[in-house]
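I am attaching a structure below and will ask some questions about it afterwards.
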Amino acid sequence: MTAVGPSAGDGGKKKSARRLPGQGLVEGLGVTLRTMFEGAVTVQYPHEKEEPPTRARGVIALKEENCTVCMLCARSCPDWCIYIEGHKEARPPRRAGGRERSVSVLDRFDIDFALCMYCGICVEVCPFDALFWSPEFEYSEGSIAKLLHDKRKLGDWMEVVPESEPLEVGAEIKAK
Amino acid sequence: MADETPPEGNGTEAGEVVEAAEGAEGAEVPALGEREQALLDRLAAELGDGVVEHAEACGDLVVRVRPDSWRRAASVARSELDCDYLSFVAGIDWMPAEPFRGAPGGEPSQPSQPSDTAYGAAGSAGRFQVFARVQSTTDHHGVTLKTDVDESDPRAESWVEVYPGADWHERECWEMYGISFDGHPNLRHLYLPSEFQGHPLRKDFPLLAREVKPWPGLVDVEGPAGSDEAAGGDA
Amino acid sequence: MTHLLAVDIGWGWTLAIKTVVVLGLIPLGALILGYTFLLKMMSHMQSRLGPMDPGGFHGWFQLVGDGMKFLQKEDIMPEQADRRVFALAPAVVVISTFLIFVVIPTGPRLVVKDLDVGVFYALAVSSLSIIGVLMAGWASANKFALLGALRAAAQLIAYELPLLLAVVGVVVQAGTMNLNGIVTAQQNGAIFGWDGLGNPYILTQFVGFALFLVAAQAELTQTPFDMPVAESELVSGYMVEYTGFRFLFFFIGEFGTAFAFAALAATLVLGGWALPGVHGGTADLLGPLVLFVKLMAVAFLIFWVRFTYPRLREDQLQAMAWKYLIPIALANILVTGLFKVWL
Amino acid sequence: MSTTDRPVATRPSAVVPEIEVDPGAFRHLADAQMNVELDTGDMVLNLGPQHPATHGTLRLVVRLDGERVLAADPVIGYMHRGYEKLTEYRPYPQIITLINRIDWLSSFANEVPFVHAAERLMGIEAPPRAVYIRTILTELSRIATFILFLGEMGLQVGAMTPAFFGFRDREHVLNVIEGATGGRFHPNFNRVGGLKDDLPWGWIAECRRTMDIVFKSCDDFEDLLMGNEIFEARTRSIGIIPADVGTSYGVSGSNIRASGVDWDLRRDGDAYLAYRDVDFKVWTHPDGDSYARYWVRLQETRESARMVLQLLDAIPAGPIMAKVPRVIKVPEGECWVETENPLGQMGYYLVSKGSTGPFRTKIRSASFSNVSILPWLLQGVYIPDIITILASLYFILGDIDR
């Protein structure tokens, strides 16, 4: 391929045609006038809402029962914005005569959404399916400090976690 | 508690772990491609013993030249090799990084580099190196040039005369590594405020963001009294 | 106006009414233009809706709210500013706008002052605003403001001439500089003997009208001639240091002048207050409305161009004025004069 | 312009260095900062860091004679985040989300060369389906970047409407990107060895529809802005970059193609992504001025949309992730990977010592070199031309400062 000038290509709509003086000025006016009657694209936000895609990374929800306090998400976080504390509790054995179990109990699970980069690594690394993405986005706060959300709040967001969606043609269905 | 590997709670993928292929370079220098060999030959013909060592890195030619041939290498690359395009000039500090105090290597949160000093492709004479890449926009080849920089008096020849675009790159290298460039008209801070102390990209310059906050992995689960079982192993 | 609604009132009352009308007209005109074109037309041309909430219906209250917000704001003055000049500048700009309205007729008798040299006067006072702009730029002690003011001065002076020359054609054709006289001449004129519509000079003076619009665009410092405020270069030019109600003055001045120029253009070439077949007292009553409709049409053109085009460069603007607009205007005058003499 | 009587905006207390005025000597304004006395008739104007034309926090100290620029000195670093240092403290998966933010308008394209470098060192290859999806998303991010440029350029030369058109039409492209990756601006969708997820159902059809919008949008820009005589007057022969000067400064991408250099890494570089399977044209323009840069980007937007349509037809079925270890360790070695990003040549020189994170990452970002030509380019132009040139070079501050 060789260098081509503006008149040699086929990409422009009308690039090579000799144009009348002032034609561009009139066409410009035409575009704005046409747009004026085309109708707006604005979504009047508080009155009407756009539906974000299912995959949209809006907020991280926590399913507390599944969490085993393994700290994997906290360590994988690029920002170190997840704070986890927990303790061990002894539980009676599942079967009679079995060994006494020791269960990790989550005391604290905070995500600082002011620091969070919404990268989703924590959701991805969680081996126990305790973290989920939700497209929910309406949780702004008046101050940055209030963006630190605890496990109760994160748990509430489990309600808005969407069902997993079907994949496009040709995708290999991965068993999760 | 700081495990060598993350807790393999479910182990679904543990069996499928595939060992990554070993490094592209073995002990012996692999044969260069035809085009790379031609480039190297022309460089060597012009620079003579200015060429110290060469290597191949992922299909690219890496040539280490003597510090006093550094600018000459640039003009040869520009005039003889048709490398009219300067991609970048940068520095590198080969000093082993301090081991991360939070956890030993393998942690997902923070990599720990090996503590032995190993020099990359085409070797190095010491801690600091300057490397640069020039390319040809017509023949579509490129070469990475490296030169050694004395640690006690880090300086290299400037490329600004050959490639005016080296100006900012060398300024960046100067403030980040403290490597000054002889012949640079205007070596002053590029990114950092002029009163900044230190050279941030040197390996002995700590990353403050990682110092002021405790590593989240350290805050660990306390087991019930008498239990020394690791956390996370139980589901 | 002394005989308005057939009531005789003393000169003191007349003066008071006139003052209130003129003083009220400018901010009102600025509001109407600002809302209709800046907020709504521009929004829709850009696929937006613009403000929708304030006031309920399509955000009509938005600009009033903005104005009130400006009044509450702190009056900041730069430390290095020339304080008196800085404070005076916005007033000078607005006053020049007020003065234009003195001569614009809204009906056969509805005019504040029916000057014999009305056109001349209107264009003369409109250029007073340059002084205000220069004062603002100089007094702000800001380089951007200074650059903007100097650009404004150069530009406004360069465009006084085409503006004036563009109008001369109309004056020649009407045979009077009295604005009411021009309107009457259009109303009583005839197109090739057909006088159903009168003879709006836009038909014969189309070139003059186009020149007037271009020059007015430059006078108003609107895109494509908005270099003095050039938001992407000079970040607002001479008004960069103004806040609060002083900035509001500039805003009113900008849109008020646009209102005035649109009214002037409507009067000069669209027949002003005249509606075919309407005469006498009815014309006095309907006149303001007719003029308003016509000036909105002109303003639509002005703002349509403003929201569509990019900005020229200062030197290109000068070249355009001296190389093209002035020769064309002179030619227009010549042709008009020839027709006037020979026909 | 005479500014002799009154110093404008200089503080009386400032220490005033004596500066001899010799236009040639101000090639590099080492110490011509803000507080220079104006006793010589020149004026030092400080554009930025907060200025509407600098896309963020670029600062330009320009020395003016009237409105003519005698010398210009770009001051960068107001957004320096030290990514090269940060990468040394993070493992590979976390770095992908970081480098998203280098050129935030085309985040996806930033990720590609990095994962490529890691993959090459590890000796693995992403499966074909992943490669195709990567290519599509890269081109989509190119379209998103350029559409914004096509409007933004209008705003910088004074036309407000095109900017809104730019945002309006880019929104469709961002929606498509978000639909697949979950992130509008920061997809974080690449993984070493493949992709995070497969495409959602219906995405291909949606993407096709969006390409129609893109074509229409390009036509709009051509009518509204590029064909406009005023726009031509503002951009023709403004900021001419000769080809040899451009390359020696490292100017790349559309900027250098607008100078007639027929060099596109998608076609000319090491084979990467699926570009070898796509039929596309590399657009160049001989003029090298601002208009040429706009023209080239407009054509490239259309070309990218055509490429996306081709790629959508040809997506192979299969897995989207190669077999990679659970903890990614890149073997010892060095690798240079460069890609044709929307803003130009983006490259990573990755040095690994066999750990879970890189030992050194040299990030070669396009805007850095593109902007480094400014002191040369801005000499002798007028103030409005500065803005035109800045806009036509099209840089992203994050891409300069890294």
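We just call them A, B, C and D in the order they show up, numbering each chain from 1.
We take it that a contact is a pair of C-beta atoms (placed from the backbone, for glycine too) under 8 Å apart; a residue touches a chain by one contact, two chains touch by 3 or more.
Because the structure is a prediction, the values reported are computed rather than measured.
Engineer: Chain with the smallest distance from its CA centroid to the overall CA centroid?
Structural biologist: That would be D.
Engineer: Which chains touch each other through the most C-beta pairs?
Structural biologist: B-D
Engineer: For subunit A versus subunit B, what separation do you get between their C-alpha means, in angstrom?
Structural biologist: Their C-alpha centroids are separated by 33 Å.
Engineer: Report the inter-centroid distance (CA atoms only) between subunit A and subunit D in whole Å.
Structural biologist: 24
Engineer: Averaging only over C-alpha atoms, locate the centres of subunit C and subunit D and give their separation in whole Å.
Structural biologist: Spacing between the chain centres: roughly 43 Å.
Engineer: Mind pulling the residue numbers of subunit C that touch at least two other chains?
Structural biologist: 45-48, 307-309, in rising order.
Engineer: Among the residues of subunit A, which ones contact at least 2 other chains?
Structural biologist: Only 25, 28, 31-32, 35, 41, 76 qualify.
Engineer: Please list all residues of subunit B that touch 2 or more other chains.
Structural biologist: Within subunit B, the residues that touch at least two other chains are 6, 107-109.
Engineer: Considering only the defined contacts, which subunit D positions touch subunit B in the complex?
Structural biologist: Residue list for subunit D touching subunit B: 27-28, 30, 76-77, 80, 82, 84-86, 88-91, 93, 117, 120-124, 244-245, 247-252, 256, 261, 263, 268-270, 323-338, 345, 347, 349, 351, 353-360, 362, 364, 368-369, 372-373, 376, 401.
Engineer: So in the complex, the part of subunit C that touches subunit A is made up of which residues?
Structural biologist: It is residues 41, 43-49, 52, 304-305, 307-309 of subunit C that touch subunit A.
Engineer: Which residues of subunit A touch subunit C in their complex?
Structural biologist: Per the stated touch rule, the residues are 25, 28-29, 31-33, 35-42, 44.
Engineer: Spell out the part of subunit D that touches subunit C in their complex, as residue ranges.
Structural biologist: 1, 3, 8-9, 11, 43, 45-46, 51-53, 67, 154-161, 164-165, 168, 224-225, 228, 230-231, 233-234, 382-387
Engineer: Quick one: which bits of subunit A touch subunit B in the complex? Just the residue numbers, please.
Structural biologist: Against subunit B, subunit A makes touches at 68-72, 74-77, 80, 82-90, 101-104, 125, 127-128.
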